[in-house]
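Right after this note come the structures.
Presented sequentially are two complexes of subunit A, the first with subunit B as partner and the second with subunit C.
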Partner chain A sequence: MVRVAVIPVRYASDRELLEISRRYMLSLSLEEMKAVQRYFRKIGRDPTDVEINTIAQTWSEHCYHKTFKGIIETQRGVVDGLLKTYIFKATEELNKPWCLVVFKDNAGIVAFDEEWAVAVKVETHNHPTALDPYGGAGTGTGGVFRDVMGVGAKPILSTDVLFFGPLDYPYEKLPPGIMHPRRLMRGAVAGIRDYGNKMGIPTACGAIGFDEGYVCNPLVYAGCVGIMPVRKYTRNPKPGDLIVLAGGRTGRDGLRGVTFASAELTPESEKVSAVSVQIGNPIEEKKLLEAILRARDKRDKPLYSAITDCGGGGLSSAVGEMARGLGADVELTRVPLKYTGLEPWEIWLSESQERMVMAVPKENLEELLEIFRNENCEATVIGEFTSTNRLVVRYGGKIVCDLDLKFLFDGVPRVRRKAYWTPPCEEDPEFPQPGDLMDVLKRILSSPNVASKEWVLRQYDHEVQARMFVKPLVGVHQDGPSDACVLKPLKDSWRGVVVSCGVNPKYHIHPYKMALSAIDEAIRNNVAVGGRRIALLDNFSWGNPEREETLGALVEAVRGCYDGAVGFDTPFISGKDSLYNEYRLPDGGYISIPGTLLITAVGIIPDVRKAVTMDFKEPGNPVYVLGLTRNEFGGSHYYMVLGLKGGAVPGVDVKTAKAIMDRLVEAIDLGYVRSCHDCSEGGLAVSLAESSFAGGLGVEVWLSKVPVEGLNRDDKIMFSESNSRFIVEVSRDRLYEFESLMKGLPYSRIGVVTPGNKLTIHGLKDRVYEENIWELKRAWKSTFDW
Partner chain B sequence: MSEDMGVRTLVLRVEGTNCDIETVEAFEEAGSQVELRHLNELLRGDVGLEDFHIFCIPGGFSYGDDLGAGKLLANQLKYRLRKRLELFISEGRVVVGICNGFQALVKAGLLPAFDGPFSRQEVTLALNESGLFVDRWVYVRHEEACRCLPTRKLGSRVLHIPVNHAEGRFVAPDATLNRLEEEGYVVFRYVDPHGRPSGYPWNPNGSMNNIAGICNREGNVIGLMPHPEKYTNAYLHPSWTRFKTLASETDGLAFFKAIVDYVVENLL
Partner chain C sequence: MENVWSVCVGYKEEQLDPVSRRVRWEIRDLGVKGVEWVKTVQVFQLKGRLDESDIKFLCEELLHDPIVQEYTYVRGEKVAPLFEKPGVWVVEVRYKPGVFDSLAGSVLEGAKVIGVQGLEEAETYTIYLLSGDLNHKKVELICRRCLANPIIHSYKIYTPPDTST
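And now, the complex of A and B:
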């Protein structure tokens, strides 16, 4: 029996339209519902539940990025599409020949060498993680792997950046339906661990941050880097090609995941939306991966003409996207199910994991199916691509969906939103210098954002595949915090991929500077190990964009992205936004996350044997600081541990920053640099401490030598978080070469690596600050000594 | 098998095997020809074990380790490859199990196999003492006086290689443990940087007697938890940026070379 409901929209009033949107959890606005109504009035019938759900998924914020594509009225004038005006524009202006596929497919693809390419994607999986941290974070990881597999690449790195509420958050203060941050963190880490480890994809390059703003809405950014032969990329489905669904079976899990992700969480979410979280099975995905790689490589050209991940929106999105410009005819009864009893719309929309859709020319079918059989991986023909430009879906032969693809993809009304932004007060508070600065240093080192994450990192397998040449833990005891990881993806080439990230939501009070800071941090982490020719990915997690000030902040951040990308000559190749990261309180109030922008940087190093790590190497080597230290304490860890507010968020002098980084890469290539560490949270003092205990060596520096601008206090020079700075240890015998290379840039020799175990900082006057490096390390390691 | 064919290794893969590529590369680097084959291809008869000198089960999460690490794979060996493996082992050819492969060999009753292959499971690899997956570089000492034939060349060399596992704690009843020790079944032992058996983190999982790897009575079946295939290039060492000179032959490669050389000297 065909169970298809017809939804009467043609004669519905505005109120009824909204009621339909609510009842069927469509997350469509009145204007969008009216566009649906107009379409069905025109064709003279009402939509089926399959059709209206297909439209809702395709038009969701998650799939369509309404806000980023919409029209926004700001104080500076009208922005006609954030993506077009800022993100894409930067990439277009830079126009790099090595950007092969950008913003067009599941992942961004850049050239690696003449024959090989690197594919990268970063996704968020915030809402599912809030409800089910293990399943949510795990399937986030599994989903982003499939994005990379969905361009035909083999995943070689899994990255993850997580944000939670404070770990000591009082239980009694937790709003209804919200899990404690500690439980969320343990669950999310375990989910990422099990998915990546079982798939055999090394996990490195991440960050974990804590802030009260994430109590109700934790953030999970999952990223993946893959490698593929350039000529194996294909996205060219033809009419007559078969639609093959491969991988796991389809069930009710993950229904309406994308519309769920496009709304706020509420105390009810836990009950209402639990089915929206998918159930992961990494071995199923591993089988899929092995089969796809073999289908890709069996002959000169892949056996498929196009391939895509079946993720958000399920088949409706995977088949729909691929059918664009063609048309498709699908028979739902052919879809292998986990259990019987699914309604047609459920089969069509299910976001069950570990599924991929391929377009396969008929003559290749048998060969492809044979490969999948050998991997014990199910693959089924569910339909055919046509040339009708219609999306036709049948159930037992009966048509349950027949939509014009042009309407489906182009019929969504553009949203028009207002944005307003008020610059924050950046005045510094007055306060005396604290007496014991080494105690302050220890408090910063042990603060959760800075403290060692070894407990997490050792649960992630970063050795599998044996391709990681700079690992997340480096130094004499293999526990120092590496700035970036370096992979050597090919057996017969020393060329490497360098992956790093930058994110600091404590700077959200000034989103423009936050964006520039995140870009600067991602790039400087990359450069610190020897990366160059860098491509960027932007991932926004924000609150409700329908509120003017929230959207205003977003516009500011996006503007920063453009200026940063163009200034550093680093194009964006992929990105994603996750909005509505809010919790709606029973009384109508809301709790929003701080606007959070993650920048992922992917660079190249011509020879991984030239890579540099952050641990001090040899006593007697001179230590330099590159870059200016300014009075920039807005959102700083120094103010945080002192309980102070205010101060200027660190800005970026892009021109100087780029000059410093270019010159530093040159110095690394010439072999002058023995160690290099970027300065971020906690400033110079934290970087010096980390390089010291990672190398098991002391260091002695003079603050009077540090190039500063408008600073004359020991504490401020030590802890300022100015961007674009590095601590560099240079080979004793290359000192002059290094200094002549750096000529004209803000830099200075500030001290020397010492054989002892003391961090010694000489103040501007006579004061000397000193601490045992093992004491500092203990403070740094104590927080997550679980 | 003719001599001019050289050493031939079969690396097995099943659903969830994930250290196959680097294991293939390690054997190749050590001088063997290698074929990577899915269990289905073996069962169908696309390849036969008789064409190989070395049969290696690499690391991973076979079948998701859903019934415990290596348990389902052990059943495959026990019920679907039994005759072929019995013959392979009785002919003195070499079986190597690394990590998940070791877990499978132990659970199939191929290690230590006091009373011959598939007799019964005598030891196990339990959940790490920490209760968590662990990725860490460890030192393992090769026990010079052990029964293991293919690794004999390692002498008392200490290998610095990583462990990456959740279920690696070697556990056995006292009598079994004594017999393993007294009769030389223990091939690798976790030690500290000075070569002495020591506690956590040097013994990363709480293994009894610091046991990291064992062999069978005849000394031609060997299993170990650490991953020698992860250190076949000097630049894969986590601290290589600190070294003035890098290893000319890495500890990982030494393991594979010892095995391949043994085949050259004894089985060709």
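And now, the complex of A and C:
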């Protein structure tokens, strides 16, 4: 008995339309419901549940990015689409020939060398992780692997950036239905670990941050880098090609995950969202990966004409997207199920993991199915692409969905929203310099955002595949924090991929500067090991964009992205946004995350053997600081540990920053640089301490030598978080060459690497601050000594 | 002959049991004091045309690691009584119906690979044995905070036989 409900929308009143949207969990607005109503009035019938769910999924914020494509009224005028006006525009203006596929497919693709390309994608998986940290984070990782597999690339690196509430958050204060940050963090780390390790994909490069704003809405950014031969890329489905569903079986798991992702969490979420939780099975995905790679490489051209991941929105989204401009005819009874009893709309929308959809020319079918059989991976023909421009779905022959693809993809009314933003007060608080600055340094080193994440990193296998050249932990004891990781993807070439990230939600009080800072940090980390020709990915996690000030902040951040990308000559190649990261309290109030922008940078290094790590290498080598140190303490760790508020968020002088970075890369290539570390949270003092204890060597520096602008206090020079700065150790015998290369830029020789185990900082007025580096290291490692 | 067997796999007494150790640490870390001893047991509930020799073969070849683990099995679904002892709280944590059990999937596949054709259905769950200064309210709190996620798990607490209620 086929259970297909017909939903009477044609004669529904506004109130009834909203009621339908609520009852079927469609997350559609009145205006969108009205567009649906108009369409079905025109064709003279009411939609089935399959149809209305297909529309809701396709039009969801998660799939369609309504806010980023909408029209936004700001104080600076009307923005006609954030993506078009800022993000895409930067890429278009830079127009790099090495950007092969940008913003079009599952992942961004850039050239690696003449023959090979690198595919990159970063996703968010926030809401599922809040409900089930292990399953949510794991499937987030599995999903982003499939994005990279969905362009035909082999995953070679998994990255992850996580944000949670404070680990010492009191239980009494936890809102109902919310898990403690400690549990969330452990669950998420275990989920990421198990997915990557079991699939044999190294996990490295990431960050973990803590802030009260994430108590109800933890953030999980999962990223993946893949490698593929350039000529194996194909996305060209033709009418008559068969639709093949491969991988895991379909069940009820993850139903409506997409519309759920576009809604706020409430105390009720725990009860109603049970089916939205996806459970991963990395072994299944490993088989799928092997089969796809074999189908890709069996002949000169892949056996499929197009391939995509079956992710958010399930088949409806995967088949729908691929059928765009063509048409498709699908028979749902052919879909292999985990158990019986699924209704047609459930099969069509299920977000069961480890599934991919391919378009396969008929003449290749047998060969392809043979490969999948050999890999013990199920693959089934579920339909055919047509040229009708209609999405037809049948169940046992009976049509349960027949939609015009043009309406489905272009019929969504553009949202129109207002945005408003008030610049924050950036005035500095008055306070005397604390007496014991080394104690402050230790407090910053042990603060959770800065402290060593070795406990996490050691659970991830970063050695599998044997491609990791600069690892996440470096130095004499292999526990210093690497700025970026360097991979050597090919056996017969020394050329490497450099992956790094930049994120600092503490700067969210000034989103424009936060965006510039994140870009600067991501590129800075990349350059610090020797990366260049950098491509960027943007991932926004924000609150409810229907609120003017929240959207205003988002617009500011996106504006910063454009200025940063163009200024640094680094195009965006892919991105994703996750909005509505809010928790609605029973009394109607809400808790929103701080607007968080993650920038991932992917660079190239011509010879991985020339890569530089951050640990000091040899006593007697001069130590330089590149870049200006300014009075920039807004959102800084220094103010945080002192309990102070205010101060200017670090800005970026893009032109100078770029000049410094270009010159630094040159110095690295010429072999002048022995170690290099970027300055970020906690400033100069933290970077010096990290380089010291990572290298097991002391350092002696003079603050009077540090190039500053408007600073005359020891504490401020030590802890300012100004962007675009590096600590560079130069070979003793290359000192003059290095200095002549840096001529004209803000830089200075501030001291020397010493053989002892002391960090010695000479203040401006004869004061000397000194601490044993192993004491500093103990502070840095104590927080996560689990 | 269609029947149900339950196989329980745990670490040997004298072996370091990292799983149980971690659980004990996590309970303490999540703010519940008084737990002195924890042991975890992985249960495989197997259904199909299986006789005792099949079960023994599955245990030996698939379900346990002979170096560090030991196993026991019973006919039927009830295993909690096996662990009932004075002072020991038994907690059973299972997936809710509809949540995909990937470990069970691997067991089904593994059984086929080693030639046990009679296995038709598998379900896995975990039993936690807890002892220390505990009462029902505290164990309930441990379940909610640490052992079970109410979104995907159901749990059942067995009070020790000697506890007055």
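Of note:
In this section, the second predicted complex is superposed on the first by the 786 of 786 C-alpha atoms of A that agree within 3 Å, B and C clash if a C-alpha of one lies under 4 Å from a C-alpha of the other, contacts with A are read in each partner's own complex, and residues count from 1 in each chain.
The rule is simple: a contact is a pair of C-beta atoms (placed from the backbone, for glycine too) under 8 Å apart; a residue touches a chain by one contact, two chains touch by 3 or more.
As the structure is a computational prediction, the values presented were derived from the model and not from experiment.
Shared-chain residue A:Y171: touches subunit C; no touch with subunit B. In the superposed model, A:Q478 makes contact with subunit B only, not with subunit C. With both structures placed on the common chain, the touch criterion links A:K617 to subunit B but leaves subunit C unconnected.
Of the two partner chains placed around the shared chain by superposition, neither subunit B nor subunit C is touched by A:R23. In the superposed model, A:K743 lies in contact with neither subunit B nor subunit C. Looking at the shared chain after the overlay, A:K765 reaches neither subunit B nor subunit C.
Legend: residue contacts after superposition of the two complexes on their common chain; A:I279 is shown touching subunit C, with no touch to subunit B.
In the superposition on chain A, contact of A:A466 is made with subunit B only, not with subunit C.
Of the two partners subunit B and subunit C, more subunit A residues are in touch with B. Once both structures are placed on chain A, subunit A residues 281, 283 are touched by subunit B and, in the other complex, by subunit C.
Subunit C contributes residues 25-26, 29-31, 96, 98-102, 105-106, 145-146, 149-152 to its touches with subunit A in the complex.
Residues 13, 15-19, 21-22, 25, 38, 40-41, 59-61, 63-65, 132-137, 162, 164, 227, 229-233, 235-236, 238-242 of subunit B touch subunit A in their complex.
Those residues of subunit A that touch subunit C in the complex are listed here as 131-132, 135, 171, 179-180, 182-183, 186, 251-253, 270, 273-275, 277, 279-281, 283-284, 338, 352, 786.
Looking at the complex, you find that subunit A touches subunit B at residues 193, 197-200, 281-283, 286-287, 290, 374-376, 457-466, 468-471, 473-476, 478, 488, 491, 608-609, 611-613, 615, 617, 675, 695.
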